[in-house]
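Could you have a look at this structure, given as structure tokens, before my questions?
To keep things simple, chains are lettered A, B, C and D as they appear, and every chain counts its residues starting from 1.
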Amino acid sequence: MAKYSVILGNVGNFSDRYMTCGYQKEYTLEELFDRVKSIKGVTGVELVGTWHITPDNAKRVKENLERTGLELVSIIPENFGRPEYGKGAYSSKDAAIRRKAVDETKEIIDIARFLGGDLLSLWPGQDGYDYHFQGDYLEEHGWFIDSVRECCKHRPDVKISIEYKPREPRNFSYPATAASTLLMVNEVGLPNCGVTVDYGHGTAAHENVAESVAILKKYGDKLFHIHMNDNYGEWDDDMITGSIHTIPFIEFFYWLKRTGYDGYISTDQYPYREDGRDACNESVRWFDILYGMADKIDDAEIKKIYQTGNACEISAFLRKLMFNDTSK
Amino acid sequence: MAKYSVILGNVGNFSDRYMTCGYQKEYTLEELFDRVKSIKGVTGVELVGTWHITPDNAKRVKENLERTGLELVSIIPENFGRPEYGKGAYSSKDAAIRRKAVDETKEIIDIARFLGGDLLSLWPGQDGYDYHFQGDYLEEHGWFIDSVRECCKHRPDVKISIEYKPREPRNFSYPATAASTLLMVNEVGLPNCGVTVDYGHGTAAHENVAESVAILKKYGDKLFHIHMNDNYGEWDDDMITGSIHTIPFIEFFYWLKRTGYDGYISTDQYPYREDGRDACNESVRWFDILYGMADKIDDAEIKKIYQTGNACEISAFLRKLMFNDTSK
Amino acid sequence: MAKYSVILGNVGNFSDRYMTCGYQKEYTLEELFDRVKSIKGVTGVELVGTWHITPDNAKRVKENLERTGLELVSIIPENFGRPEYGKGAYSSKDAAIRRKAVDETKEIIDIARFLGGDLLSLWPGQDGYDYHFQGDYLEEHGWFIDSVRECCKHRPDVKISIEYKPREPRNFSYPATAASTLLMVNEVGLPNCGVTVDYGHGTAAHENVAESVAILKKYGDKLFHIHMNDNYGEWDDDMITGSIHTIPFIEFFYWLKRTGYDGYISTDQYPYREDGRDACNESVRWFDILYGMADKIDDAEIKKIYQTGNACEISAFLRKLMFNDTSK
Amino acid sequence: MAKYSVILGNVGNFSDRYMTCGYQKEYTLEELFDRVKSIKGVTGVELVGTWHITPDNAKRVKENLERTGLELVSIIPENFGRPEYGKGAYSSKDAAIRRKAVDETKEIIDIARFLGGDLLSLWPGQDGYDYHFQGDYLEEHGWFIDSVRECCKHRPDVKISIEYKPREPRNFSYPATAASTLLMVNEVGLPNCGVTVDYGHGTAAHENVAESVAILKKYGDKLFHIHMNDNYGEWDDDMITGSIHTIPFIEFFYWLKRTGYDGYISTDQYPYREDGRDACNESVRWFDILYGMADKIDDAEIKKIYQTGNACEISAFLRKLMFNDTSK
């Protein structure tokens, strides 16, 4: 049985580089929690550091978790939205910035424990580079790994899961793909260090994300967390899951089940022009449909499919699975 | 009611640059016709010049058309598979090659009439360029238009429909997108000159092909023919229609219907590793499903959707249309 | 002799969807003008409506123009950065928003004349759609054209130049490519309506922008204005011109010269993490190098190149042109 | 000092899926060797199994190597151009095919030793999948690794270097990126197993290949071989190196030098419409220019660049390095 959660900010307001003021109205913390809670089937919530959770408001957040009964699924430290982090956090060329990023992350780890959480999903958005000859790749990969390792050692009972993304806001991110992030995580070399798959980041990296799930299983068993959304295949459009693709998600959910993933499946969207609560609700409704189809795949039937890999048989199998169509 | 056809070679053998000998076995002309005929719902066939139809075998082709009862939907002149056309046909830098391409096209027009056809789908695959500073764009666009205009004038009762593609085999094709081809077609300025949409070529050009259908309607009413297949969004993978995408095809078929398209919908695939007949059959089975969904869209309901463009309402509308899901 | 200008905001501060507060510090209008003025070779400036120029500050802007001696090259009306325009301006589903967009544009036209300008570069960033089944393409293309036509008629002595972009902030923009925008402009059907090429937008649309210049010449002679920057080929990264590509810019400048373009060449960058003034200066320095190379191409030599299109001769020609390398 | 080689077939004839007969004329083995030999600065040659080298013609090949004095740089086993390998070789669903692929590879290893070579560059082009639900990723990654490990154990004095490519001829390849291939190579776990970087494959995978060189250094020191060509960033266009990009190659060569790569740099092109010998010659001429620029970068100067990563300083540094331009 899949467990669904929502990143708190997904039901709020959204800016881009042209509409810096935001497309929507602002909501209070309590309203955001209520909006998440109102989505049928959602039992967890993710928070972003500084945007939703700080040392100062931890008690208020705890009250909201208790009031709504939502589980704290993860905290995403915010080291990508303040100018001091504009050129990187864990791999910054400036040792003082790396120090600050690590110290803040440790603080967030402690807050996560205080709130009953055991997972940080790191999205080091500014760790990377824009121009040729800008990044000293050997140095900066090394700094990144050292920083993350130190965070992981702070509390072995809290998992640190690195969310990869090929680009944006940097033109090249260091944790760029499932495979490149696994290389880093294996170099960190600690059991509480793993990988977050954001479906749309994988797609923007031109991965077949179902295969990425298998890769994360095979080369270290390191899939710690899932973020969901949809896009057109080239950029992190952060749209409603299921609004563009159908079959790829069924395969993805099949491989989650096949590899025994039992964590939360979380929305991670930017519904700039939609009501955020409704847009997350739509994703969850599609989760039910698409996960449901993956769930009803017959083991013997799929095994037979894989034995030959005949694309015409796959096509007929999917027509039947999706639309109960059995025409020849 | 949609009409379906198949390009004859789609049920045959396929090569690529590494497997020049072909992945499959070869079939006789008669076998190819029989294989097309065996696909339920297919009533038409398209032929490729030199590969399937020449002045020498026109009678044999006619017998096959009569024997199978398949309608000749179009002929695609072959001016992309012989070395003399390797650097272009209608826009070749060599006037003698342009002459040859035009003369051969006129000959094919006459053959089409002999076989009962009234449509040529031109796919000028070699007309374009590979390197910067290689194409003299002004000259070559001009030559292309002059050549096509001369073909169009040969017989006003035969339509000449230009199939665009952003690239391959050239790195840049001259008829590259729906819009750039419309500019050319409008410059040709004859009623029998129009545009063929290959769904996968449009996708590889990063078009939302449903919008391309509307553009072809609005700026000249020039959509003359349709080729179908699926791909991952970056290259002309020529896969089974419906094997990757679902919703985009429903929108596409909706816009075909909305704009009054009443021509054939033809497969155009390269099932390298599949049985070609079975792969085309799967596409046609998906046409039935996806066109069927487009067909049952309620006019009042979709009009209401378009009035606001609310993405959450669209999502709920599609869940209901596709899977009869009405959860809130 | 090329004329260079800078969009005023290019030397200021920059936000993205994560760093909404901006990566840099803010500058006063006077400081921005001074920073543009300090770049050697720049003689013009472009302004963005509401961000830099409103009815209220027109006099102050005029004083800055006079003080610095910079020519007003164009104004870009801002109908993409206020929430009321979040779902479109000239093609909005809401007739009142279309009205407002047109009225504001007319007002900006009058201000441009007051400031000595004769060009508006329209960038209708929000005119487009995100989701399948969201845009009623026939209606909305029609509204777009009607709105722009009304603006063009306001003052025939002011050119209205539409800047295309394939996507962002919408997932699909209506004026998406050089060719699709030409179709619109030709439908507007007025001599003061044309097209702005943003080099990076063209690249993100997978155009060879040199060919786009030729297309704009051939199908209407409609190239009215140029914006410059560089990117990796898939997104509007808005980087320093010349920081990634070299040869493609030489070809582009060659075709500007070949087609007789005599307008301004303007930077349009988003140097998030750089000093904006220095980043624009670097682009202008590269303009000098790359335009200089295009300028010294010998007519007879290039004509010979185009006669055969031999890629090896092109390569040797470029080695010599760029690096004076004549090795065999 | 860089060492240059050419893949023998690069100076021959080329087919694609439309021009299966080839764009050029055929050459004898002796002619191919002579054509490679005629390129100034080339001292090595690579061979493709079955196309150039078999057990039957090994002696004739040896004579050609001796006659021309060219060093055998590597052999690329051919398990992608015969129909039995159409659905995979080392990871085929059919155990008999996997057996055959491994046995043939061992045979090629022995031939390489006979010819004085110590490197196989494996390009497992058919190992991958096309459709969702076609590949059993866990099984097939496992089979791939087992097959390669067995090859590596055959002779520890011959290096087995896996050449990754994101796609083509399969829509998804198993060794897809530098990082995913490193995961496989590290799983093989033998010192003679490494990675071949094909510059264009890396680019088509949207890698900054200079960073890939650093990654291959950092996470296992596994860069064994280099193939060179150029493309537009989305597909393996296999063009003349330097015909599109300039700065990215300078950075790439800088990182080769920085990480101590001392192997051959080989052309790997498909000059469909060019004379192959001349096209390879052009690449080698550009190697001289671009490698030469990387080579003259001053250590202290670049160290200072990396300390801040200031994009404007990088831009000025490159203007000076490339064009001796020092304008401010």
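Keep this in mind: a residue touches a chain if its C-beta (ideal position, glycine included) is under 8 Å from a C-beta of that chain, and two chains touch if they have at least 3 such contacts.
On a predicted model such as this, the values are computed, not experimentally measured, just so you know.
Engineer: Sort the other chains by how far their Cα centres are from that of chain D and give me the top one.
Structural biologist: C
Engineer: With respect to inter-chain C-beta contacts, which pair, C-D or A-D, contains the greater number?
Structural biologist: Between A-D and C-D, contacts are more numerous in A-D.
Engineer: What whole-number Å value describes the gap between the mean CA coordinates of chain A and chain D?
Structural biologist: 34
Engineer: Let me have the rounded angstrom distance from the C-alpha centre of chain C over to the C-alpha centre of chain D, please.
Structural biologist: The mean C-alpha positions of chain C and chain D differ by 39 Å.
Engineer: Can you pull out the residues of chain B that are in contact with at least two other chains?
Structural biologist: 87, 130-132, 206, 232, 234, 239-240, 243-244, 247-248, 273, 311, 314-315, 318
Engineer: Which of the residues in chain C come into contact with chain B in the complex?
Structural biologist: Checking each residue of chain C against chain B gives 87, 93, 129-139, 141-142, 166, 172, 176-180, 182-183, 187, 205-206, 208, 210-211, 214-215, 217-219, 247-248, 250-251, 254-255, 258-259, 302, 305-309, 311, 314-315, 317-318.
Engineer: Show which residues of chain D lie in contact with chain C when the two form their complex.
Structural biologist: Interface residues on chain D, with respect to chain C: 40, 206, 232-234, 239-240, 242-248, 271, 273-275, 278-279, 281-282, 285-286, 288-289, 310-312, 314-316, 318-319, 322-323, 325, 327-328.
Engineer: Quick one: in the complex, what on chain A touches chain C?
Structural biologist: Residues of chain A touching chain C: 14-24, 80-83, 86-87, 125, 130-132, 167-169, 171, 232, 234-235, 237, 239-240, 243-244, 270, 272-273.
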